[in-house]
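These notes open a run of structures that come right after.
Okay, so chain A shows up in both of these, paired with chain B first and chain C after.
Moving on, here comes the complex of A and B:
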């Protein structure tokens, strides 16, 4: 036995041990003082940087409604769709879960199984799942399956009016049409939530650091469009283009006394629900407002109106038309069968669509020849009266302004301006064409075109759109009356040419007038395509006063004859019949 | 083993020789207050945890409540069963514990890289908690006999068996079960009991050195432990990955400040700090109750430890003293390692904080250990060394009688 063992005092060891424990505890106290008191601010900041999260609360995007037989019906709505995801950590039975999910969502269970076995906490199983499917899945109470809401635009009317509506891309931004032009109004203002959250980002109960700013939802838009008219326009346009063997075209119906757009369409078009499947991006754009073309002969009523308004000619003026003008090195000739050199009246210029007549009118503005005075006077009418070369301000994305040549800068200005008299060398959109004609036949008021009749804010406040006058006295009232009368006569005289296959006769109880145009397609790189012609038609229908102005464009029709008369005018005819039959055109009293 | 013969030669029969007196109710109160505080904290964070684990809101608090009820039974059992009983079943107990530890390895679930429990009817059973308890009983009996035969200095009879036991434990718990934290606690129990039993310091130093080498070997053998150790030295740098828990624990404690964020205004339990109810509950309390609250908790712990120390000092014999030493070694080591990890002084080990942490097995065996000490506190002696240091329980006023009211003088007069 070791004698030293006897000296071991267990009590001393116990006391020593306890002293050691007290010592450790006091180290803990010092450490706690350092961490909790001295470094408190540092750790508080670190805590908040993790815990305090800022969220954007999305505002609900405004819906879009339009007229249909006197009531407003939805055109664009929002729908909640769901992204279904798996948190593989919580899935109890992958085989069973994947089978059950595939029963409801479709797809192969094996594929879902792979997704559920991923080494992640967030594995997307399906996107754009409907509310019904989501509720069915929820009913199964599967562990580890979660949902995330996404809001999607839906279109109860299918692809009707899709180009003027535009679409909302996956980032929630409006593209093309109204969605782009009024993106901010529709989007509203997102709210803000600053909150202490759990690790998953779910805000915890109220906390002094929490800040909440409620979102302001977007306004609802009520369109001036009548859906029935829009549908018929789209149908008639499509048939008309097919009849003319044209691949594309468009038409717009305008209220000439307010600038309200009643219908507007292009063909081909697309389904906004499936915008992501579109391969030819050109179908997105509303060519009526975004694709300028050479104005062509539809310019002639405007040229005559400008000459009459300036008083350089009058209603009864006649002149000798030589059938050709030599201006500088160039010649102005007529393309249509004009019957050669003869004495012509003002009405003949429109009825026979005389290029030489239109040039003669511009010459009169310069006192008998095309000079700077003529150019400036004519340019003034084009830009300041008819608003060519300027965006109209319609609520559409990618609106184009068209171009008007400068009257003072450049070479060959005289021949250029001789050509603008009959719409060559100057471009505009079909909408601009329709609006300019509207202002000339409605007594001389140019209204700003609009598509939104009423804005309804989320609080229920309505804001009605009032017609905006861009310019009064575009032409004098008497000039307006004359042009209207001449256009009616032009239409009546040329009716048979437009409608050789139809037994329809002009409807004598209404006033219908118009003017054809055949113009070269403008090359985006400058100049014109020499082999592509567009047919246009601008006209009106009404009783004692014009009720609807129609502007039509048919791109590159492949039928014999002049594009304006053979391709665009028949569409105009059908549209006027449609408007008279279905949309209450008042017959004339006088 | 010749243990049977030795048993018969025991010099004293505890219960017959010692006066039974009032037990240490303060010990009971301190344990109970810690259990209740733990339960209340778990109650408050239970809904937040439930969301992450996809269970009902009161899942955690109700399970902990049931565990505490079970703990009351285990306490009542160990507080009342004869202390000699443990000497009789010590071998069976450690064998059973050993089997259950192996069973966990074979049947158990792996959590955070370690095999720690097996499911028993909806509750998970952490075999290593049982092993801690069994080791105390076994070692107390073993060391008591070495003291009795004055063999403490004998390397063959004392040191070698202890080292063998430690190596077996290290192999099963640390290597097979991958539970290094518990191994360290088991080693702490062994070293504490050896220390109090009077094993020469040199030999304790050897035990500790061998244990430390073993730990270092184990740390370097597994990648997840290497990372834990590596990040310990710079937790802030790696807040997102391996140092995440250590970092979030410090954020919880530090953001609590002087007074805490308040009972219901803590945030870290909502998915930021892992194991919020179990290993990290001290940090959550730091966030809720602040510096002052944690000082109070530490005070309760040190008071509790001081009760154990006093009972140890006045233990009626070597066996009971060693039992208390084992319990103190266990609970203090676990408390220090857990708190040390939460405040960034030690690497994260994955060990629960006694009384406070969520976990049924831990609660049941900790209360069993308290019951054991509570039982011993009935037999404590005066400190025979000094007159000034009177034992608080072994005096006549507090001594327990036969249950009847004593009217000694009156009865004599009749």
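Moving on, here comes the complex of A and C:
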């Protein structure tokens, strides 16, 4: 043994090593103290910035379904589509790449080439690319070509009911129609994921502070619309407008005993999948609810109903009609050929469509002349009974309220109110017209219109829409019966005239009633255009009680004759036949 | 060196010659401070190891969860695609323009038989 080793005290050696160890440990402790305590916030932030990821979990937009032969079928769905983009920095051969991409996506290679040569790192080559096209492009393994998934609305029924549905813009916001009116219900609420992740972004389950808030998807909407009826309405409307040489129009079919909309259409229309290609923005509007018009003589059943309901006239009342009324500086005359001076009955006012008769009815509300009393009484019926001048509350974007002149403020109020008796100087949408007539012929109940029959939440809970009564006693029941009877007689008497250009068969086993309207188009600069008329028709079809109410509008038809009788009424005839033949209208038993 | 032997040696230092003394020697094995420290460190290491094992094991499930979620998303996407395809195939426009529909004969409205 080496003597020098002998001299080393083992205890000292241990103590030395122990001291050394303590020293080393102290360095660690000091360093750890510095890192973990003093620089805690700094390092925590640095670590979390790499590891903590926050994601917004998008909520799925609610789908829309509608009835078809007794089952609910999809009308609006969501579909994953792709945006194809180029990062020009990584494209090796622009000419070859553009050719290959255009082979799959279509379009000219030159156009794609220009996009690929842009001085940017993100150049969009195509949007709404299908999964199949994306897979084909992926298969080519082209450098510098990338994909971004986007969820888009898709419309399996094409452009059917497009204005009623609306569309969803690139920001995911509903525009027009149901998409706009119920945007919040359809959108749902996005969820949130906050989690510690690995380098690849996979959330690590061990972290107790991970937060997951699941998204709340939008509700599914089931419409009151019947797709078959909607399709036929659109076809018949289009044919009718073409036959009348009219460029635009619309129609709505209503259940008068609930306010449920069974079909609603406008022409021209558009494909909501390609909304960005539309140049005339007016086609986005559902004119049935958003475009008020002067409804013309279709107002007359309402004027008569108001007079009967007030008791100022009765069913058997007759009066001498001078065929012209002078009110202030203006004259009210008839436009119909058979509207000369004569003793007239209440029924004649509808059957002959007498403007002077409607004016006389308003006069009776004031005790024989149009005065403040008459104006206030008639205004009360227009606004409080028929709900004109108010939005109906239907689930549609951009609904218009229409306008009713004040009975006490303004100039020329008497002539203004004389005009309202036959539907001029007052504006209403075809929907408002249809609802007002529904309330008058159904016994006197005004229902709020609705398009959504059922809301289904993501958890499966259903919320059914129940009919909402806006007003009872719109008119008395006996008045309702009278107006219904008079409208049936008006329709029957004029059937041949309505049918002169077509070959619809009469359907005597059903109760069909209606009234035409022809109104001059108001000039925004004041007065009326002398050569532009709009045709309207409002009517019903049913057995012992009306099953469907139809309101039609034809804008500026270019055929001879009155727009209401020659352009709108033929569409009504076809629609009633369609409803009788395909939608179980019950024949009358009494 | 244990705590008990240290005490014994110290006692011997104060004993005088021919003096009867009692030799205290503890029969129980009591761990000293270093042993305790080492034991605690080992225990802490074992606990740490156990913790790390469990964390790793839990994190391994993250990948399984992630894979399953991807599968779920893919299946949902396929389901959605099929739903869209099915709806398109059954669309009124497609049915109307089908060969079967083209060969159908339209009928004129007939009057309803009344009692």
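Throughout what follows, the second predicted complex is superposed on the first by the 443 of 590 C-alpha atoms of A that agree within 3 Å, B and C clash if a C-alpha of one lies under 4 Å from a C-alpha of the other, contacts with A are read in each partner's own complex, and residues count from 1 in each chain.
The criterion applied here is as follows: a contact is a pair of C-beta atoms (placed from the backbone, for glycine too) under 8 Å apart; a residue touches a chain by one contact, two chains touch by 3 or more.
This is a predicted model, so every value here is computed, not measured.
Undergrad: Contact-wise, after the overlay, does A:199 reach chain B, chain C, both or neither (first, second, both, neither)?
TA: first
Undergrad: Looking at A:30 after the superposition, I want to know if it touches chain B, chain C, both of them or none. Which is it: first, second, both, neither?
TA: Neither partner.
Undergrad: Which holds for A:44: it touches chain B only (first), chain C only (second), both, or neither?
TA: After superposing on A, A:44 lies in contact with chain B but is clear of chain C.
Undergrad: Determine, under the contact definition given at the top, whether A:577 touches first (chain B), second (chain C), both, or neither.
TA: After superposing on A, A:577 lies in contact with chain C but is clear of chain B.
Undergrad: Looking at chain A, does chain B or chain C touch a larger number of its residues?
TA: B
Undergrad: Just chain B (first), just chain C (second), both, or neither: which does A:173 touch?
TA: The answer is neither, since A:173 touches no partner chain.
Undergrad: Tell me which partner A:78 touches in the superposition: chain B (first), chain C (second), both or neither.
TA: In the superposition, A:78 touches chain C alone.
Undergrad: Of the partners chain B and chain C, which touch A:333 in the superposed model: first, second, both, neither?
TA: A:333 contacts neither chain B nor chain C.
Undergrad: Touching A:211 in the superposition: chain B (first), chain C (second), both, neither?
TA: After superposing on A, A:211 lies clear of both chain B and chain C.
Undergrad: Chain A residues touched by both chain B and chain C?
TA: Common to the two interfaces on chain A: residues 198, 202, 204-205.
Undergrad: Using the touch definition from the top, list the residues of chain C that touch chain A in their complex.
TA: Going through chain C, the ones touching chain A are 55, 58-59, 61-63, 65-66, 77, 80-81, 83-84, 87-88, 90-93, 96, 108-109, 111-112, 114-115.
Undergrad: For chain A, which residues count as touching chain B in their complex?
TA: These residues of chain A touch chain B: 1-2, 4-5, 8, 10-11, 13-15, 17-18, 21-22, 24-25, 27-29, 31-33, 35-37, 39-40, 42-44, 46-47, 50-51, 90, 143-144, 196-200, 202, 204-205, 207.
Undergrad: Please name which positions on chain B make contact with chain A in the complex.
TA: 48, 51-52, 54, 150, 152-153, 192, 195-198, 200, 250-258, 264-265, 267-268, 270-272, 286, 290-291, 294-295, 298, 301-302, 305-306, 309, 312-313, 321, 325, 328, 332, 336, 339-340, 343-345, 385
Undergrad: What residues on chain A touch chain C, complex-wise?
TA: Residues in contact with chain C: 68, 73-74, 77-80, 131, 154, 156-158, 160, 198, 202-206, 227-228, 231, 505, 507-510, 577, 580-581, 587, 589.
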